[in-house]
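A, B, C and D are the chain letters, set down in written order, and residue numbers restart from 1 in every chain.
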């Protein structure tokens, strides 16, 4: 079974030539950055993402492959905590909702990667630093994250909606987005659709 | 190296007394014969020269990612076919590769060989169609396009015999392939592959040294190597700009390390439409080499590994990528322990290759903008998803 | 393939016509000539939306060759086209353009809804940006199912359309009775298109289990 | 005007108005079939004979196709855009057709029925060649009118392209015709044709060959044929100047374009290919007209062939080709023709010498001009990474 963070290691079908400890120099340079072991990602400190990216570019990380957003709703997490007395307790705690912007970075010259960089922000009025001035490839992808997730990129040269029309309200890739309801009755309805049918606007 | 951004040429309008001159704003698309679907370019023209250009996307935004997050992992396999609808096989492979990282599954030997065969046949199909459409954009009234489609049909027949569908194959599964190829398929494939170079010779004779094509494409739509890397350009377009980055060599996914093949790239820093066109022609020859080796090396055996009945991976984040014919096609999956992916993201090469469209088109003629777009090789299903 | 007898005014059965023809008399109407002409020269619009467009192009290539039926003249401008093949998913962002292009086409004009997406939204039906069938806004003459349909199916749908044209009567043809058919172009709102469908051409199917609106929303 | 004259004019011109539109219909069919064969297709073959119940069974290679297209277009709705200039929108297709039809009358085709009608034989006009160029120039105006009146940006671009292209190519076209006029010493089309009686076609002289090639290339541009079909470039500006034309107006443009093709090919045949000269006309005089039309169709076949093979030029290359290549070459050709004329060509040696020297000069000039214009365009080498 794949352990968390396995994506970093070379596997039979996986990436080749990946330095397993590629995140350590980053953490030395930016002590405030966190290393998320489960996701195998560096979480850039707030407000320093741009500086971190420029430093990485100087280190030869010249190719930003993938930029995307991830929306985490507020949720309750059950954790098993081993107390001081050795008793295992199940503790429920509320994990606040958050918005991640994920960058997959590679080096074309050195042929290494990926290095996963995340910018983490809150769900309400999410705002992160744009890395478009560092890697041009972020330009359209950050616009897409703005469009579909509503993340505001400071320093983006041309932040507009990209996929939806300009008058569109809301950000459809968010987990709590409710779709406009335009379902009509069909002879073999889907359970989930029927449920939506009950909740939403009814055309028929 | 700082990020390279091209600056627009400074066009000063001739303003004379009593003469009201201005820029002509033309919206090319979403319905336009040469935008390869429903792409739109808002172009500002000074005479015939492109002064400003802004691409408009989203006319084919089919909510692929949202739909995939609401269905099982395997359920979105048929949807990946419809991303880049020329290359359903490589799309399948990229998705299977990402999902196979979530759950450890061994892919059987025969399946690996068939995957390579399918992917390289797909590359032939894609490059053929691209060259056909590209020359069509140059104004050749379809003849090269129809020659290309004639050969494409032969390969689509192979796909149909193997998977049951011409275009939307849905042939890959996590841990292998849906079914084995029928009896005699490999011989038929060998026949098609053996005959292909003959066609390619004819095609090159028709196109590659044509005076009009040479003068229309050389020096048009230049893309420097630094800008290409910074803008995340991948695939033949990157190699045409002089960078030898091919995921088949870098990642060595599947069993590509077993085959002898070369990666053609342009010698220099120009990266114009001609380079992009010829690099694709040369790649087809290499693909034929890989296909011949794969068809020789394949052996009997199962085609589906020990895939679990219910695909329910443990929480993890993976990013799997392959060298699709248009560039790096990646799938970013976040599993949260349920049978549905929590986050499903496609890294579309077509969209990211369009980042530099404006830089390449500025200062060119409007007819060049059309062929530059054609040489980027976009498919709107993938651009807008 | 025989031309169907389309003479509502003069009742001339097939045997009589055959006898007359044997005697060297061809009995016909202007309708027949005109329908023969416009059925044999259906010029499609170069208009591709998504995956199906590739199969539409494939139907014009050497192996299938739509030109045998006189339809290889793909016109790039709607002003000169007779047939719009809606080939692929119509998204909400694209729908106003499709309606506008339909409005720009001169009469008589026909529409083929090609592929599951154009008919009903197909596999993408649940998407927030996908129109659930182009027939909500414009009248469709031939529905061509498939995902995508094979090129042979495109040719067959063209044959069905020609068959339909041959049985049309100029006096009752909507192309000639009501001027150019122009339908309102839907407009973008915050979430959806307004109006969500054109009641002139489409009505939602009756739901046998329909509840009154208040109950359903309550 | 006496009634006789009116009758003679009608007899002389109406057949032209019938023959060439019929040939036009046949040419569209021929073009579609030929393109289909170039592209490994079959082409139209299902549209059969109308009006009979068994029409579908006798398709006659799809020869009914142009008839079907014509009838359909005749009844197609005519749309005038709301903001268009209605008058010019209407006039443009008519103006595109009329000059093309007019110049047909000046082609020295010896139809059997024109022999008795010498007074109105239009081709006796002394300035026929000049008249030809003057009248075909009007076509430019029609195309620009169409582009302007449509109120469509693509139409406007197409109209502008058409003006630039046609005005530029008119010059090499005329200059290459000047050679023939010099040699014959007359502007009369019939005299030019007669001067080439037998096998003395001007295309069989070195300067005539060069002039014919220049004339043919320029005439492709004049009639907007591929590879110079920029005013209606489909992949760039939709349909160019006739983007907004539907129904019969579009058909008129189409007709005008093909008639212009006939006209300019007819002029090429008159100037270089011996007019109606050909084997057998001494015994059967009416064969002369057949030969003339056959030669026109030979030229049109080449045009169709080019259309199925070549991509399109870009607008600046198109202009550059006219001004920097064709124009100097056609001027040089006039000089070459002058020298060739004054060198006595009594024996075979001097004839061969004239041929070699003339073509050598022209070839070197063409090479040099080519190098001057496009020095850096050549196939490249590529590297491979292992």
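FYI, a residue touches a chain if its C-beta (ideal position, glycine included) is under 8 Å from a C-beta of that chain, and two chains touch if they have at least 3 such contacts.
Everything numeric in this text was worked out from a predicted model, so none of it was measured.
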item: Count of contact steps on the shortest path from subunit B to subunit C; value: 1
item: Centre-most chain, if every chain is reduced to its averaged C-alpha atoms; value: B
item: Whole-Å separation of chain centres (CA-atom averages), subunit C against subunit D; value: 38
item: Inter-chain centre distance, subunit A versus subunit C - centres from mean C-alpha coordinates, in Å; value: 44
item: Subunit A-subunit B separation of Cα centroids, rounded to whole Å; value: 25
item: Per-residue multi-chain contacts in subunit D, two or more chains; value: 39-41, 234, 238
item: Residues of subunit A touching at least two other chains; value: 163-165, 172
item: Set of subunit B residues in contact with two or more other chains; value: 32-33, 58, 61, 63, 66, 146, 150, 384
item: Full enumeration of touching chain pairs; value: A-B, A-C, B-C, B-D, C-D
item: Residue numbers on subunit D that touch subunit C, as the complex places them; value: 32, 36, 39-47, 50-57, 62, 64-65, 67-72, 75-79, 234, 238-239, 243-247, 250
item: Footprint of subunit D on subunit C - complex, ascending; value: 1-3, 17-18, 21, 26, 28, 32-34, 36-41, 46, 61-62, 65, 67-70, 72-73, 75-77, 79-80, 82, 104, 106-108, 180
item: Residue ranges of subunit A touching subunit C (in the complex, touch as defined); value: 163-170, 172, 177, 179-180, 182, 184-186, 193, 197-198, 201-204
item: Sites on subunit A touched by subunit B in the complex; value: 1-7, 11-17, 38-41, 57, 62-66, 68, 70-71, 102, 104, 108, 111, 114, 116, 133-137, 139-141, 144, 161-165, 172-173
item: Subunit B - residues contacting subunit A, complex; value: 1-5, 57-58, 61, 63, 65-66, 97, 100-104, 106-107, 227, 229-234, 243, 245, 250-254, 313-321, 328, 330, 332, 334, 342-343, 345, 347, 351-352, 354-356, 384
